[in-house]
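Down below is the structure, laid out as structure tokens.
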Amino acid sequence: MINVGIVGATGYAGEELIDILLRHPDVRITDVSAKIDQPKNISEIFPRLKGRIGLVCAEPDLRQIIDKCDLVFLALPHTVSMEIAPVLLTAGKRVIDFSADYRLADTAVYTEFYKTKHKDKANIQKAVYGLPELYRQKIRSAQLIANPGCYPTAAILALAPLTALNLVDTDSIVIDAKSGVTGAGKKVAEALLFSEINEDFKAYKVDTHQHAPEINQELSKLAGKKLKTTFVPHLLPMNRGILETIYVNRSRKPQAASRKLTDLYRKFYKKEPFVRIREEGDFPRIKDVAGTNFCDIGIKDSGENVIIISVIDNLLKGASGQAVQNMNIMYKFPEHTALA
Amino acid sequence: MINVGIVGATGYAGEELIDILLRHPDVRITDVSAKIDQPKNISEIFPRLKGRIGLVCAEPDLRQIIDKCDLVFLALPHTVSMEIAPVLLTAGKRVIDFSADYRLADTAVYTEFYKTKHKDKANIQKAVYGLPELYRQKIRSAQLIANPGCYPTAAILALAPLTALNLVDTDSIVIDAKSGVTGAGKKVAEALLFSEINEDFKAYKVDTHQHAPEINQELSKLAGKKLKTTFVPHLLPMNRGILETIYVNRSRKPQAASRKLTDLYRKFYKKEPFVRIREEGDFPRIKDVAGTNFCDIGIKDSGENVIIISVIDNLLKGASGQAVQNMNIMYKFPEHTALA
Amino acid sequence: MINVGIVGATGYAGEELIDILLRHPDVRITDVSAKIDQPKNISEIFPRLKGRIGLVCAEPDLRQIIDKCDLVFLALPHTVSMEIAPVLLTAGKRVIDFSADYRLADTAVYTEFYKTKHKDKANIQKAVYGLPELYRQKIRSAQLIANPGCYPTAAILALAPLTALNLVDTDSIVIDAKSGVTGAGKKVAEALLFSEINEDFKAYKVDTHQHAPEINQELSKLAGKKLKTTFVPHLLPMNRGILETIYVNRSRKPQAASRKLTDLYRKFYKKEPFVRIREEGDFPRIKDVAGTNFCDIGIKDSGENVIIISVIDNLLKGASGQAVQNMNIMYKFPEHTALA
Amino acid sequence: MINVGIVGATGYAGEELIDILLRHPDVRITDVSAKIDQPKNISEIFPRLKGRIGLVCAEPDLRQIIDKCDLVFLALPHTVSMEIAPVLLTAGKRVIDFSADYRLADTAVYTEFYKTKHKDKANIQKAVYGLPELYRQKIRSAQLIANPGCYPTAAILALAPLTALNLVDTDSIVIDAKSGVTGAGKKVAEALLFSEINEDFKAYKVDTHQHAPEINQELSKLAGKKLKTTFVPHLLPMNRGILETIYVNRSRKPQAASRKLTDLYRKFYKKEPFVRIREEGDFPRIKDVAGTNFCDIGIKDSGENVIIISVIDNLLKGASGQAVQNMNIMYKFPEHTALA
């Protein structure tokens, strides 16, 4: 039984995380905190949790968090995490950070996309990118996990086998991504009002989104060379889920029938509890993974071009579910505990 | 051809009003203004209007408005209208006000529900409540129209015949109202975020909503005695439209078959271009009136109890459509011009 | 560990039931069946379940079901259950039936509302109405559970304390109910198409819905006299959840402050794990219970009139969650197992 | 004043068409028909039209249609139009057909994608592809208009300038298209139920959709050589609107700043009343065109790659609006009449 704290408990990822952890037999939530006007019972903030949790949510008190927790989840926006993580790490705590602060190895890229200087370069090297399908070994012993972004999770899982096996023309990758609105967090902005989004659909940050460098970094590592994708995110009039339609050219002609690519993906992910590969030509939709920690992937290979569709629940495999999967690995709990 | 100005052009009602007026053959929009950081072409604010209107929207300049307009629409929140209307009226302009500022005869009630003192009591008497079905004669010559609230429009039209004919037990009226989200305006608040409203439904201001006194005032006039309804509004996860389900007890036993009540309603509204009465037992839904200026009403009369369902588009018959209907009456244009 | 079968596994309630039971540590699903063209793996029908269940879904084979199951859930439409239940009961199996077939004591009423003769009158007496808050004792030893309808669950829980304590004028009850679309099941009909329901809202079966007699039967038992409510259901443009706004007149003046009614409700439900009473004047919304087995209730008592709002998730407390709660009671599992 | 008939009046495009034509000063609807069980007033089928049109809708009676109409709109599914059009054409009537029956010059392609033999090859040559931006001259005198598909309208308008000017690598075009649900028509199928589509998003007919050959045919004509795009449509949980995100490689390096491409588009469409080009890097969203006949296009040109986003309302510029635009051209009415 471990004691965990959640900083940033009042956002969508925080709420989801509490919900998962309350079902986890080996975890006790001992502290919840957030930027908040005055302390409030967390079940007053989320009436759905009433009767299940009685903790008071207040501004984070790091001394108290260090006293009460073995592991701390930082469900915070970028730039805020790097203020808090160093203190917790120094105190010997393990940390799973939801923000982008420890995901990018190159702080110049961080500054370009997040418009701020990085304040904790020392801990970037320490951080393990928390995508279990690529980094499970390192996650086991990590002290600091940089929990991946939601778009990158779906994109990297969709492209990792092709890229690692050198089957893709690395100049040609187009990622057309569509996300539900919770991906933007609980930000109070006119653009996120119901009447602005309902019955509408739009692209945003066309080829300039901050998740692009994260995708490029991880795929470049797999490809063994620098790679740049074209990434266009869109906003769906729905709460949860991401679907990415990915278009690539093959770098080498397939030596066998198109069926083979599906087989390669199955082999690549064969021990993975949360990646499911569809039959060739069969594609997943968001409903297939909403409310779950799965990433479902479908592939159509015409020989020259490949179309890949990848879906996740942005709040689960794209955030809180993946964080708990990482925690399960770190503490040797069965990996699917509380996740299915 | 008349020249009109719109103050508060950047909200949902303002946008809808521009859209209607651009189709009106006898109207020229000569001024658009709003609370705005810096002047901007209105078609930049509403790209859908591009190529149809080229006016610049700036903070309201009353001198300029007076110079350029015969009639001014105030699509403003309450308390703001009463700062502006007196100036326009003094200058001899006609005014159609969308706010609640000139709807309630009793300023004590205004203060109770709108939490502020009234600052222009003098003009309240002058104002005509702009519900053409009840006040067409007065509207013709009015200088100041208090355009009705959206909930009251649907409620009063649904209950006017029963009340005027003294067929309803005035103590028993229950109005269960449901509205799309544009009814709340373009207010930037957490409660109005897409992810808060989508896949949710809730009541709000239960029996304390500020539209209740407006409904009570008008029905009391019709009944010839003070009347108080029970009014509970709810928020629908959709953009437009209001449906009210109304439960009343009859004050007198019907002397004939239930069909008769429908007949009474048809007779009451027989010259009305925008009220449609359904066959007994057939009920309208929001889709039947969305995008139109109609109010559709269905009735089921069990002898003792009556169930009435009334639907409108909150931005049309509940706001901008009704305002244009009032304008058409004031200027003797055919009443349905630009409205169908 | 018990073995359970699900007949009617391919509908929304069936899918939800499988999802819950897969998380239940004391249950093994041993048979899934449904009206289906040809046998298919259930995870092909519901790709979201892939990797979690491998059973083949075929037309129900009663001999096989009897062989393999201790308990059978019938997630079937009315009239189909009464063909199957008697066979299972005779074979000594326990049955939880989702249909209306065993809910109404009076078969004449059944025939009036379900337009068909009842074919298994013998087992109606045997059936226990599966609302744990009223019938927990009988549920423990029941062989046949008539799992309540979704609307009745929310309505009866909202009105039981008032009615049982003789505090309500039994002639005055108005239930204005609003439901998400899954309440109608996976019926392929034009009226249930996305483009017909999205951005629309409507009442249906106004004062003629088949759940009305079920509500009336249970409340009459509590009141000790025959009672008839006015019940108007509406269809919300959302997937899940029911909210009912209930208007009643008090039969007796309250002897104390309005706070007392909330206290009475709290006392009435004090041992209930799935009923939560709000503070006086605070009302629940659908989001507070969606995805949970809770029924949340808020009350406003003006002395003469009472407004009650009751919310449930129609697929959980209104169907599959309540069925599992009943199962937990029948088999002495902790009542909340797999439900929170 | 011309007399028009509508065959297939009961679908979404039919309803929209009636709504537009009722606002048209030079048109009288003289006949409405559809596949229908028994004759019914069209305002009973669409209660929103009540009071605006009184025609009875029955099965199409071609003799009567020929007697009463100058122009006939066929808002029919493919294969049905080619049964009816020849009769009307022989009788000298002008016809605007919404189906795919007269869009494809190559009947082998028609058979491949529509799974049926073509039965009226004779009239295919006669037909003019009703995209005014490309074929206005021919439309003027056409007897038979093949009204374009919704996806092709957005795609062709987005790609025509690049293709006609030989600026695009014709092997590289990727069209990632997203459509609201009315695009599928009022087809009663499980996949189109509200609870199947709401809160979901999916691709369908991946690279096999029947609109692909239509897009390819028109772009090939512009390019002067055979061209094949990659076309993947998706279904949005909303009623109306199409957004297409298009990725192309440039065939020639731009000789000047990226601003130039926007200028080329503006020049190409400078006389078009219904095409609006955004500033470089500014992209339209569906809301900008919903309820209008506009096609809005935004472009981002990185020198090597170009991203184009094109939006239309599928029921207007993608169907009924475009049909009326074609009619206006055929009869020399001002082109925007009844369309703004």
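First chain written, first letter: the chains are A, B, C and D, and each begins at residue 1.
In the analysis below, contacts are C-beta pairs under 8 Å (C-beta built on N, C-alpha and C of every residue); 3 or more make two chains touch, one makes a residue touch a chain.
For clarity, every value in this text was computed on a predicted model and none was experimentally measured.
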Relative to chain D, chain with the most remote C-alpha centre: C
Pair sharing more residue contacts (C-beta pairs) when A-C is set against C-D: C-D
Distance from chain C to chain B - Cα centre to Cα centre, in angstrom: 40
Whole-Å separation of chain centres (CA-atom averages), chain A against chain C: 37
Separation of mean Cα positions, chain D and chain C [Å, integer]: 46
Multi-partner residues of chain A (each touching 2 or more other chains): 196, 198-199, 237-239, 284, 287, 290
Residue ranges of chain C in contact with chain B within the complex: 174, 176, 178, 196, 198-203, 206-207, 230, 232, 234, 236-241, 243, 245, 247, 281, 283-287, 290, 300, 302, 305, 307, 309
For the chain B and chain A complex, residues of the former touching the latter: 12, 181-182, 186, 188-190, 192-199, 237-239
Residue numbers on chain B that touch chain D, as the complex places them: 22-23, 47-48, 50-52, 199, 273, 276, 284, 287-292, 294, 296, 340
